[in-house]
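One structure follows; several queries about it will come next.
Per-chain residue numbering starts at 1, and chain names A, B, C, D, E, F, G and H are given in the order in which the chains are listed.
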Amino acid sequence: MPAEYKGVVPETEHARETDLGFARIDIDRARRTGDPEVVFGEGKTPEQVVATLRALHRAHPDRAVLATRLSDEARELCRRELSGAAVDDVGRTAVLGPPPAPKGSVAVVSAGTCDLPVVLECVATVRAFGSRAEVVGDVGVAGLHRLLAQRERIAGCHVVVAVAGMEAALPSVLGGLIGLPLIAVPTSVGYGWHLDGLTAWLAVLNSCAPGVVSVNVDNGFGAGVAAARIARCAGPGAV
Amino acid sequence: MPAEYKGVVPETEHARETDLGFARIDIDRARRTGDPEVVFGEGKTPEQVVATLRALHRAHPDRAVLATRLSDEARELCRRELSGAAVDDVGRTAVLGPPPAPKGSVAVVSAGTCDLPVVLECVATVRAFGSRAEVVGDVGVAGLHRLLAQRERIAGCHVVVAVAGMEAALPSVLGGLIGLPLIAVPTSVGYGWHLDGLTAWLAVLNSCAPGVVSVNVDNGFGAGVAAARIARCAGPGAV
Amino acid sequence: MPAEYKGVVPETEHARETDLGFARIDIDRARRTGDPEVVFGEGKTPEQVVATLRALHRAHPDRAVLATRLSDEARELCRRELSGAAVDDVGRTAVLGPPPAPKGSVAVVSAGTCDLPVVLECVATVRAFGSRAEVVGDVGVAGLHRLLAQRERIAGCHVVVAVAGMEAALPSVLGGLIGLPLIAVPTSVGYGWHLDGLTAWLAVLNSCAPGVVSVNVDNGFGAGVAAARIARCAGPGAV
Amino acid sequence: MPAEYKGVVPETEHARETDLGFARIDIDRARRTGDPEVVFGEGKTPEQVVATLRALHRAHPDRAVLATRLSDEARELCRRELSGAAVDDVGRTAVLGPPPAPKGSVAVVSAGTCDLPVVLECVATVRAFGSRAEVVGDVGVAGLHRLLAQRERIAGCHVVVAVAGMEAALPSVLGGLIGLPLIAVPTSVGYGWHLDGLTAWLAVLNSCAPGVVSVNVDNGFGAGVAAARIARCAGPGAV
Amino acid sequence: MPAEYKGVVPETEHARETDLGFARIDIDRARRTGDPEVVFGEGKTPEQVVATLRALHRAHPDRAVLATRLSDEARELCRRELSGAAVDDVGRTAVLGPPPAPKGSVAVVSAGTCDLPVVLECVATVRAFGSRAEVVGDVGVAGLHRLLAQRERIAGCHVVVAVAGMEAALPSVLGGLIGLPLIAVPTSVGYGWHLDGLTAWLAVLNSCAPGVVSVNVDNGFGAGVAAARIARCAGPGAV
Amino acid sequence: MPAEYKGVVPETEHARETDLGFARIDIDRARRTGDPEVVFGEGKTPEQVVATLRALHRAHPDRAVLATRLSDEARELCRRELSGAAVDDVGRTAVLGPPPAPKGSVAVVSAGTCDLPVVLECVATVRAFGSRAEVVGDVGVAGLHRLLAQRERIAGCHVVVAVAGMEAALPSVLGGLIGLPLIAVPTSVGYGWHLDGLTAWLAVLNSCAPGVVSVNVDNGFGAGVAAARIARCAGPGAV
Amino acid sequence: MPAEYKGVVPETEHARETDLGFARIDIDRARRTGDPEVVFGEGKTPEQVVATLRALHRAHPDRAVLATRLSDEARELCRRELSGAAVDDVGRTAVLGPPPAPKGSVAVVSAGTCDLPVVLECVATVRAFGSRAEVVGDVGVAGLHRLLAQRERIAGCHVVVAVAGMEAALPSVLGGLIGLPLIAVPTSVGYGWHLDGLTAWLAVLNSCAPGVVSVNVDNGFGAGVAAARIARCAGPGAV
Amino acid sequence: MPAEYKGVVPETEHARETDLGFARIDIDRARRTGDPEVVFGEGKTPEQVVATLRALHRAHPDRAVLATRLSDEARELCRRELSGAAVDDVGRTAVLGPPPAPKGSVAVVSAGTCDLPVVLECVATVRAFGSRAEVVGDVGVAGLHRLLAQRERIAGCHVVVAVAGMEAALPSVLGGLIGLPLIAVPTSVGYGWHLDGLTAWLAVLNSCAPGVVSVNVDNGFGAGVAAARIARCAGPGAV
């Protein structure tokens, strides 16, 4: 790396947040609202992940720091080096530090076990961002009775995240059953030609149920951030 | 048109079926099975449509001849010139001659009134090809109770044609409720960016319900042909 | 239309909501939450639009009924036939009956005047669905000072709807400035090859700001429904 | 996996079918019609595949259970652990338990040896779903005489499944020769730029032969389910 | 138009060929081989078309000048102003001056009457470029007997041009029957979702018959140029 | 338009530039560098175009104001209402006020007359942005001698804009002949299936000549802005 | 493999050609014209490749048999097991038996060394199919002088195959320089985003030079077959 | 490799530049302007890379030779074999020989550390092509304050290269802040469905800031060549 680039690349994400006066406001807001620091693991070495998590945790010992999209090696190193870290091998996340007291609740609904990695990335995000997550699995539209049986449980939350691959019919059916804010996460799950999730993506954007919003394919993190922000405004008396 | 092309272009579709000995077998099969002659109206003048229908009817006075994708002008001329023709302005079809006695029945199911042109093209085709058509409309997945209320009626048929635009969730939900052969017709209906039906097309091909087959976007005719062929083999005692 | 189809096609949307006992719950929920009846104008004749609005208004005289995507002719007929209707020629909407008392507020932010039709469709929807709408226009990212000048005003709302065409950079910049729930509406506005909004669509789904959710291209209605549902849960003391 | 997710993920597919009273009807229908239980192998460990097959077989010892898309390891474990399982390495399927007595017959027609995996997945499915499968291979359209020589044999079945890659001309040629219900399976087979089967997919959906229906690329399973359902209704005296 | 652009835009195509010494060689080659001057009508006014044809004809009175893609108005003006011009309303071409004595022959084969405009553009081009054109129409693959009946006639030519829309199976079937050089012209003809000819285009490029080459969608002119160049080298004794 | 939107929509572009202190710097920079005010005509009424041009001209009487993408009606009104405006019907531009003294020069090179609208939009932009434009037309790669004959003239400029449709080979050939900064403008010109310019767009971005940069399809304006900015830094003594 | 499939899958390609009386005509034609038997290596085991080549060579000891798309292992086994086989590691081909005496000649022209595999597959095919191949490499359009220096050599052949990746400008430039039949082979060669050859593919199909035909991306074999068929008809006295 | 191909494939790039008299002009131009020889590493063996660099360096000992897209093995061999070579493992480049004295300066601006490989490829190219490169990293639009803090530094250069992945909003924001020539490099960086950089590519081509030009996805080399050519014409007194 050329010499002059040194100093431009921040050693940790934390550095980005503190080396400018302007940014302090953001940190204050984060503490107030429950938004945690986040480390995206994709393209980082295990050592970088661990070092960043450690530095952020030292700066914010009283609230959770979240890491997502961790490789097998990164998760293993987190387990070994960061005592107290909660590491999830399916959702590929790690959390260090205590999650905030949850405000409001998010129903994370999905059709099949194939969508579990996305579901669990979303769940970890919702909790780190300060809300409660209710997991409602195995309720695909091809077995409607299973979905109808969970209707009341879902309706008791403040926001719904519908995780769905293949033809992604779940958000439309849910949108017709329940009047809550509904975030669809199309997934790249499928058994044939589904264009890496384009099918599911197009489907959720063309849902016949009004008011369905969506995030990128497989983006459980993005849906979790949005859902927690919405659920939190439901106040302390939620669920 | 250059002189030497004359004679190569058939005057009527009927000509194609009789000027070669080989083809007579097909005509026999058609009479036996109830497959009618068909005139595709797209790209034909009103006069060509009427002349072809008249010639085919004269050759087969005892069974229906079907014309599809007729322009406003073509349908008007059919009404004026062909007494006894049944012309449908929504499905854009015309039928001349008596339909065959129906064998078996086809449930043509759809979500909204926007899909009506495709539904009615399918209905006219099913009847001309020798089966009964049951229309079950307004049962979109965003209002599940309406669909569930029609379940028994649909299950009483021999084949299901599910016509669906937007995110086309209907075939998947139907496929989970009913074990009949199921043909999905994606439609180019939608209120936003749906890529002229690509969304619906991808959705039905990725249905989580096993055994769903499909035809091209808006192809009510193709679905009707396939459905009638299947329903007819259910024998004379059907419904 | 074949005789047996009569009775299947509902005369008005209202019919759909009352002919089944199951649906009454939805109506009750609607009255409680402020979700209005909606008439999609696309593909409907002016007469159908007016008749449906009138029937729905008679059934719910105490709250607003919304119609969207109205043609020039439909809007003209609404003005002539429906006294008291609020008709907007830019947003192509009509509202009949009193809007509910607003709960919470939505900032509808956009870059240019070309996006006005989408902005105003969203605004009418937000109000009909029971929330307040703040319009913040002309704050494109190529003139950052204009956006920064409106920052406080936007941050004072409960939800942000960012309407953006071309490369749709606005949601990302907003997402970095303000921690509210943020719904992006990509628009098909552009001066060159932008694939009818695909560019904007892809951009908002790949926003570098976490938690941005989106709706279909030009879907101001969908964004309005989602935004109002979120803003309403902020309680009666909002703004 | 977080503790609260336990209990939501079903241990076996069978669990899904019996833990709800509603589902018993489906099981009864399955027994009546011959629809077997199916295990999709994609994304499952060899141990999961074997455990699920064993549990389903115990619940339904008198009829076949089908597993598809099995990895090399999963097929090896099936052979070692499940005595009596019929494992096919080309079609990547396993069947445990006796197939139902076949009703009707399905001609599975293909052009080349490259399509064999799809052909054999379809064949195993047809048999497990209760119909007879006739394999007619090596009849590509570039060698028309081979196809014409098999015409009578194909016409003697009740349904045709046409498996075809590259430009997928086979279904169109077959559709012109034989009047049976015809299901096309586009495959991702090709020697150059064919977009992973898009070429074949578009081709079968635009077939000039009326009534051709299709499934997703390489989906021999889906075609087999649909074909068997159609062929079975041809009654016990078939072939 | 700014003043300095004058003089850069050539008044006629002919000007391009003669104002540079370099180009004279091309003209000599053209005279020797039979390549005519060509005027592309798209985007030209009727007056421009007629003026260019007249100028080129004056420069080359002894051989044909070809104009393609002519609008209705342009063809009408050609008829009125250019005595002796052969104008074809289906192929949208005009030819002025005597065609060269034909060398070799080209079979222009097509499935349906919808492809006639492309067929006739190709025919006019083949003749103007110095070869004979045999039109073989109405031989779609869904009626194989018609194609087989024309096999000898096609095989008697030196090159085959196969014009085909929808799923474009014709070139593959022809390629298996006849060993001649074969140029496929995909057309944008179809009754459903065919992506303006992409389906046919992909199909011909993935033909299972080796040695099939192709031109752009609907490009009868390009195929005609290539076919004539190939056929001409078959020598004076052809056909 | 709802009442509260008034005042948010600026009356003229000029308003955007002056109502905030921050913006004055930009205006100063513009005066110093020669960047003019620009009015995009697309989506504006003729009256809006004329009013905006007039207001901007009044604010900057000493330098040119440019309007692009003007409709036939807008150009007619400009001619009638704005004395002194230079209106170009091919490039669809209007310029009001004296262009700045040119610094440096830009060669605008193109293959055919079809590309003229893009060429002339670029020329008007280059001049309004303060540089000289040399038009070099009719130098397509299929007639290489014409291009080679203009080589010296092109090499005498400071920047090259290569406007090219169809397969857009021109920028690559130019890039190999001349070492100047080279901006390619793909155009949507073509005679067959070219996907509205995608072909040309992909081609210029994959040019085998290093250092070719590009703008959007048909974007003569964008290329003109970039070219003028580059050419101007070549100093006052240019050409 | 299920037992009943045995006998349907041919042991060798040769079996396909002799087990039907109809096919003998093809064999006779092949002997007369010089078309060899071909083995596509993709998806075949090294043992299958060698066995098939050996069987075909035994059936036709007096003329070449060609194998293409051979894996490293297959080529190694060919070298070891088939004495006398000519194996090319760059073009990935093997030839067994004497090539026919060449008739006519084909110029195989390319821009860079990256295209060599496609060039050499084409060369081996041209020779096995009975024509002479002239390789003209390293003549990319970004270095026009190198192409111009080879012009006479190319023009001395009967057909041109232009192999080109990236923006594929070579066929257009060649088409303007030389009046021979010209087959373009787009290649998937490129240094950035070129969509696996789509860029080159679109470019050659939109060539501004009339009469350019093309084959699939990287399909040197297909171009070789077509080129040889054309070149052979130029008679025994060629070159 | 067939014997006749020998001699056509150049041993080194240098050979291409000197074996034709015509090319000497290019070499002279290169020496005059500072354009170095370049070796593209993709598809070359480590030995080929080292041999070519060595040969080119011997021919031009007094100026830099640049190699790009080097594999790990190639870079290792460069380090071992070429003393004095500057090898960059992130940008994957090697430079041999002294870079020219820089003229003008280029700001290479990027949002995140993921874009570093593209940034550093661009930096090495800018320097080898004779200009100065200023790296400005970590200034993504979601943290606007960081970008605003670097504004003056960027504005002090002569050209801006904006490297941006995901939704690529950076060039638009920069284009609104700074009036310099601006080259955007879309990158294939992203955390979800971004179509390998298509999102960023479409975004930069639809930038709302006028005058933004772009290169292919991840093409830091191309941007560097263009930027250096522009910056160099700013004269010796730059920065």
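Heads up, the rule we're going with is that contacts are C-beta pairs under 8 Å (C-beta built on N, C-alpha and C of every residue); 3 or more make two chains touch, one makes a residue touch a chain.
Everything numeric in this text was worked out from a predicted model, so none of it was measured.
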Query: Over half of the interface residue numbers used by both subunit D and subunit E, so same, or under half, so different?
result: same
Statement: Overlaying subunit E on subunit G by their Cα positions calls for a rotation, in degrees to the nearest 5, of 180
Field: Between subunit C and subunit G, centroid-to-centroid distance (C-alpha), Å
entry: 59
Query: In whole angstrom, how far does the Cα centroid of subunit F sit from the Cα centroid of subunit H?
result: 27
- line: When centres are defined as mean Cα positions, the distance from subunit C to subunit E in whole Å is 52
Message: From the mean C-alpha coordinate of subunit B to that of subunit G, what's the distance rounded to whole Å?
response: 45
- prompt: Taking each residue of subunit E in turn, which ones touch at least two of the other chains?
  reply: 143, 192-193, 198, 201, 205-206, 216, 222
Message: Please output the residues of subunit A touching subunit C within their complex, sorted ascending.
response: 29, 33, 35, 38, 158, 179-183, 201, 205-206, 210-216, 221-223, 225-226, 229-230, 233-235
Task: Spell out the part of subunit E that touches subunit D in their complex, as residue ranges.
output: 111-112, 140-144, 148, 166-169, 172-173, 175-177, 190, 192-195, 198-200, 202-209
